[in-house]
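The structures considered in this document are given below.
Note that chain A is present in both complexes that follow, paired respectively with chain B and with chain C.
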Partner chain A sequence: MKKIFGKNPQSLGRIKFDRHTLLLLIIFVVVMAFFSVVNSDKGFISGRSLTSMGLQLSEIGILAIAMMVTSLVGGINLSIVAVANLGSVISGYFLFLNYPPEVAVGTTATFTNIKMPDDPSTWVLVISLVIPLVIGILSGILNGYLVGYVGVPPILATLATMSVFTGLSAGITGGRTITGFPEQFSVVANETVVGIPIPFILFIFLTAITFVILNHTTLGFKMRMVGTNDTASEFSGINNKAVIMKTYIMSGVLASIAGLIIMSRTMSAAYEYGSTTYVLLTILIGVLAGIQSGFGNVLNIFVSMLILQALSTGFQMLLQTVRGSTFFKDFSWGVLLIIIFVINYLVRQKKTGVKKSSGQ
Partner chain B sequence: MLKRVLRSNEFVVLLIIIALSLVVGSINPTFFTIASLFDLIRASNVYIILAFALLPVVILGGVDISFVAISAVASYGTHMLLITRGYEGGLFLYFVIGCLIGALAGMLNGFIITKFDLQIFDVSLATQTMWYGFTLFFIGATSNFDMPDGVVGYYSSFITQVSNETTGVTGLHVSIIYVIVIGIFLWWFLKYTMIGRGIYAIGGDKDVAERTGFNIKKITMVVFIIMGVLSGFAGIVQSALSRNFNPTLFIGQNLDVLASVILGGAAIKGGRGTVIGTVLGVILTQIIRRALVLTHIPSEWQKFVVGIILIIFTVIPALNEKRRKNQGRTTDLVEAMEEA
Partner chain C sequence: MAEELLRVDGIIKRFGGVTALDDVSFSINKGESLTLVGENGSGKSTMIKIISGVYTPDEGDIFINGNHYKKMTPIDSIKEGVQVIYQDFSLFPNLTVAENIALNDLIISGAKTVNWKKVHDFAREGLEKIKVKIPLNALVGELSTADRQLIAISKAILADAKLLIMDEPTTALTRNEVKALFKVVKELNTKGIASIFVSHKLTEVREIGERTIILRNGRKIIDEDAKGLDVKTIEYQMTGRHIDTSSIEYSKPKQDDVLMKVENLNLSHGFFDVSFELHRNEVLGITGLLGSGRTELALALFGQKPADSGTIILEGKEIKIKSIFDATSNGIGFVPEDRIKEGLFLPQTINNNIAAKVIDTLKNKFGLLDLKKKVSLSEEWIKRLNVKTPTGELPASSLSGGNQQRLVLAKWLAFDPKVLILNGPTVGVDVGSKADIHELIRKLASEGMGIILMSDDIPELMHTCNRILLMRRGRIVEDFQRETTNEEDLNNELVASDVEEEAKR
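Let's turn to the complex of A and B:
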């Protein structure tokens, strides 16, 4: 094992199924077992149901990874959803400039929809897919600069940039939802490969890449060091600012990929899609996954996402005749998080045997 | 003494408010009417109370995002409880029950945080999701527009009235009394009680505070009870003012309130923050909003402008801090010696 994974096995090298991963896996199995029994007549474990679950969880899952990498360096990125939307909006604007809808002579078209021709230029399509990624990188540079170089507390810096990015999208679209994206884009969200939705494959792929970056590269090692103790890392020769910058760029790119999936699924772009609910949800996933500054495993994000989706779909099926059944999932997520807090506390106490002081 | 006032964060915010008002007023003179002032006050009141709810938590060194959900469950829960029993009285009973629900919800936060040794932010994430879900699923998912007789006129219960041919009759809403009373109480509590000083001490340095003898668990608990009570109170005032009780009240506005508290000079890392500053922070936010409307900036671009202003307001203190650190805090020492 040691030879396969990295040069320094003692440093976070091997795949470690830590205690928290185990706890999450147990919870996942319990949740799945529970719902497959109580929802057995409604087909909880059917191909169709699993496919739809895989599709739904992917975009939030990728956003949760975008949030997680910043948590790892002791930060937070509230702007991820705003970046995802801004990428789609600018991409839509580019398509609109190339293919504006037809209007009466003498008037200019307003940016409300795109009129795709039957044979669009491949270059235009490719560029419109690259634009969101560029937006993601630029947003990362701005966030990384504010947090790393200026020293603004991450929660404030990204709260401000969230407002800027959302505001830019709102300004460009005039508050409207942009429709008419090319048919070719819908492939991503609507096709499956051997029954697995493409977004879910993307989610697995990005989880794997993030895992490799975090556990098998120097950047990942430095990120953990900065998150654990930034003074110590500074004095051991790590360029904290550059590491923070790279982390936020990574976060921005991941967010923009989630934006592409959203664009492909809804075939539209809007400044307010998801808004703050999605942001808070991704933080919740991080907390559920036990991500802390300097510590955390991206596999836990993956399993946490599976649990949340199972709870959401499961309760919706179970309570489908009850009024307001969609809201029960929020309640169950909050309760689950508190249960995990308590279990972790009990395990920790049993292990150390020492009662620690209260805290925040 | 005067020097300290002039250098204080509050004074800077006040100057910005005055400067901004002058600019807006010169572009659009309607800004300088009494009616406009009363309207500004009415719009600010609820958010000032919400900011008061958050302030002690921020001073303690934490960020809570669940207070909006507590507002929702307390106000909507109280309303549905009373309206289904045919209650026709005034707001007093609303406040009693609402604040009680708020206090219990706040206590739950405080209990989980102190008992299981957790981060304030993490716990508040769980409870905010839980309370909105609870309200929507167990209490009701639609806004309720039925008002008891005693609450119907609350919308326009003014202390004094002014009438104006363009805006009609407006006035100074009674909710300003709550703000003044709560503000004075909170100021006294934070400045002159042992628990209040403890909040600052914990926010400044938790270990030192603990060794000094402050009871961290008790103080944390009190902070969250205050937060719960004020959140519930603000929720009821807002619902009575907008004449409907809504299960998703204030949803997504927690970060806006946090921004106002920070604009008012509270430190996100804890240990610093004042009642006056918080009031000014909320008023500044409201004036910026109004300024954008009155200066005819298209509404879809307003969020962008607010974002730019937020960046400026977060970058300046960060740069100041950096400079102080680079100078090895000698300026602080010199200042302290001058004052002594």
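Let's turn to the complex of A and C:
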């Protein structure tokens, strides 16, 4: 543990965050231990259960990283879920244009389901997978332009673009759910490699890539500096606008990859999937992971995600037979957050020894 | 008159292994004016925080108005009439003068609705008590620093202050404003309100205080009448070393080697027709009061607020400076005036702060950030500029003012600029660090860098510059050679423009 988290503290931002990672890992171990005991008869730590956990946490985990990178530069990106959905919807629309369902002569097909032929063109499939990524990049450019160049506060800018993207998706689909995506797409969400679901592998991969970008590239360094003090970064010759633009593009691309996983899992696309619940959840994960503007470690996002999923699955198993057991998930997440706040408060107070006083 | 207001006895305060205050005792009488001086890290801020109840001393006693405290809370302190005016004044910039002054009373009264007439009457009364006139409906954020300070004082007086503590109040004031401030405080002293001034500016120490206390390394070194102390003595007692300015070696600029030439530079509402030459190996001072256009000129040369018209020639080639990127890519560096807001990434590590400008050069062969190189670069500059820290992994906020300023300098020196613009490089920096920074500036110039130093600190200009330009209302009005001028002349010229501006109002 020391070796992973203690060796190069500056690469993780601040020494404090080593402690936070440690705290999260301890909580994770405690939670896993607790449920493996109380749920031992139900097979909490069984291959099947772990696989299903890995599948469930990945899409939100990737969205949480998309949120995190913007938090790091002192921003927020409320449009991530809208971007994920818009990508799938436009991808679906592209497939629909190529493979419309058969309709009676004289009427036009409404855009609800795609009629995939048995041997679809590889090109069409590839393009339909690239489309979401392009949407992610374009959304990032728009958000980055509004926040970095026009100077709109991030929360307002992305609230606006969230509405625009959701509106676009709703307009294109006419509010309906698109079905009939090519069978080939379902591979991502349904296959495993040595027992590990592909989405989870993607989540690990994207966590690693983000870790490298944030801690081992000049872009990551500049993001931290911009997030810490954008005036000082400007006066240090850092191009704030470009850094913010790149950050939101990164966020958009991550969001669209999450969208692809959702599309693959549900084999459908809808304008309202996940909507605001997911956005709030990613903010909660960021807080749990101790992300602040200028400081934060993507590994904490990863571990936080593991904890939340373990709590969710664990309580679901434990309270299977109890009515309203799904509410216990939200409850336990809230309690966890409060526990983290209190621990951090106590640690900080012990360290500084400064009395809290109002107004002084 | 000589009634004791506050006495601290044998105060000891430790932070971890560091003893910030080591057996300090002193007292202050009603209506007395005391100056507290010391270098950064000498313990003066800690002392103030103990008097105001923010810190609890490890040992020692506090007596206020005859009440004995072992442990004192900020509320106790305020109840006993201690009011501290911090450097940031703790005012709300988006509220009006009246609202700011009446705020505390409004909250304490517990009224659910606001009686605006009462608010205005209250605020007017507060300003009258210190005999100043500031429009009650003006937004505090739009006022000058001096006015904001006066508002903070009147707020304190209305809170029934018996002891007014001011933490480096004169840092951002012009000389006339400082005089006005001193007058207000002296007036309050005659009414029985005691004052403690914390200051770095040695000349002021004698102007304001009846008594001076000097702290060094947490110990009280001197506690005596200010009249008996001259600047040299205070300087010596603060630092424990003599700062000799007589044997300074100045670099000799090469007159035929013009590094940078500025012609007819203009910025509306900033400066007009500014032309000057900067030679290689030269330290060029540009002075003027706040509002004279010197800060605007500095920002224009750095591209933060580009000039409207005019030409800038660097090493014989005309360059366009329309952005900070233009300036830095032409090798122009800039140490800003406000190191907290513009210079530093306070919560980030010292290493990150030093590397911030040159980060793009710290890549390995895969294009990734070379963390080892970053640390070794930072360590090298920590050593070269003598930044006092156990490790570069501590946040910049852990450093004292003087060391923080070294950090900002290090960030730019690592970039190795051709021209370095310094805007008030020693504001709020202690005497020892100041002398070190001055020496560094002279050394950099002698090594070939061209330096433009913006400052209104006359001794600073005289200790570092080869030539000094005086700005007044956006224009360069005079050009002094250091050899043929002295501090007094320069001071008179500077103040003359102040008087002129005052008359214009």
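Everything that follows uses one rule, which is that the second predicted complex is superposed on the first by the 338 of 360 C-alpha atoms of A that agree within 3 Å, B and C clash if a C-alpha of one lies under 4 Å from a C-alpha of the other, contacts with A are read in each partner's own complex, and residues count from 1 in each chain.
The rule we apply is simple: a residue touches a chain if its C-beta (ideal position, glycine included) is under 8 Å from a C-beta of that chain, and two chains touch if they have at least 3 such contacts.
As the structure is a prediction and not an experimental result, all values here were calculated from the model.
Chemist: For A:275, select first, second, both or neither according to whether it touches chain B, chain C, the two together, or no partner.
Modeler: First partner only.
Chemist: With the two complexes superposed on chain A, say which partner A:320 touches: chain B (first), chain C (second), both, or neither.
Modeler: In the superposed model, A:320 contacts neither chain B nor chain C.
Chemist: I'd like to know which partner A:175 touches here: chain B for first, chain C for second, both or neither.
Modeler: It touches chain B, and chain C stays clear.
Chemist: Tell me which partner A:294 touches in the superposition: chain B (first), chain C (second), both or neither.
Modeler: second
Chemist: Under the stated touch criterion, which partner chain does A:233 make contact with: chain B (first), chain C (second), both, or neither?
Modeler: second
Chemist: Tell me which partner A:78 touches in the superposition: chain B (first), chain C (second), both or neither.
Modeler: It touches chain B, and chain C stays clear.
Chemist: When the two structures are overlaid on chain A, which partner does A:156 contact: first (chain B), second (chain C), both, or neither?
Modeler: First partner only, chain B.
Chemist: Go through the superposed model and pick first if A:222 touches only chain B, second if only chain C, both, or neither.
Modeler: The second partner, chain C, only.
Chemist: Comparing chain B against chain C, which has contacts with more of the residues in chain A?
Modeler: B
Chemist: Contacts for A:212 in the overlay, against chain B (first) and chain C (second): which applies, first, second, both or neither?
Modeler: Once the two structures are laid over each other on A, A:212 reaches chain C alone.
Chemist: Which chain A residues are contacted by chain C in one complex and by chain B in the other?
Modeler: On chain A, the overlap between the chain B and chain C contacts is residues 357-360.
Chemist: If we count contacts the way the header does, which residues on chain B are in touch with chain A in the complex?
Modeler: 60-63, 65, 112-120, 122-123, 125-134, 136-138, 140-141, 206, 210, 216-217, 220, 251-252, 254-255, 258-259, 262, 268-269, 298-308, 310-311, 313-315, 318-319, 321-322
Chemist: Which residues of chain A touch chain B in their complex?
Modeler: Checking each residue of chain A against chain B gives 78, 146, 150-153, 155-157, 159-168, 170-171, 173-175, 275-277, 280-281, 283-284, 287, 323-325, 327-335, 337-338, 341-342, 344-345, 356-360.
Chemist: Taking the touch rule as given, give the residues of chain C at its contact with chain A in the complex, in rising order.
Modeler: Of all residues in chain C, those touching chain A are 52-56, 73-75, 84, 90, 304, 324-325, 327-328, 334, 336, 341-349, 351-352, 355-357, 359-360, 362-363, 367-369, 371, 374-375, 393, 395, 411.
Chemist: Please give the residue numbers of chain A that touch chain C in the complex, ascending.
Modeler: Those residues of chain A that touch chain C are 8-11, 14-15, 212, 215-218, 220-222, 224-225, 228-229, 231-239, 294-295, 354-355, 357-360.
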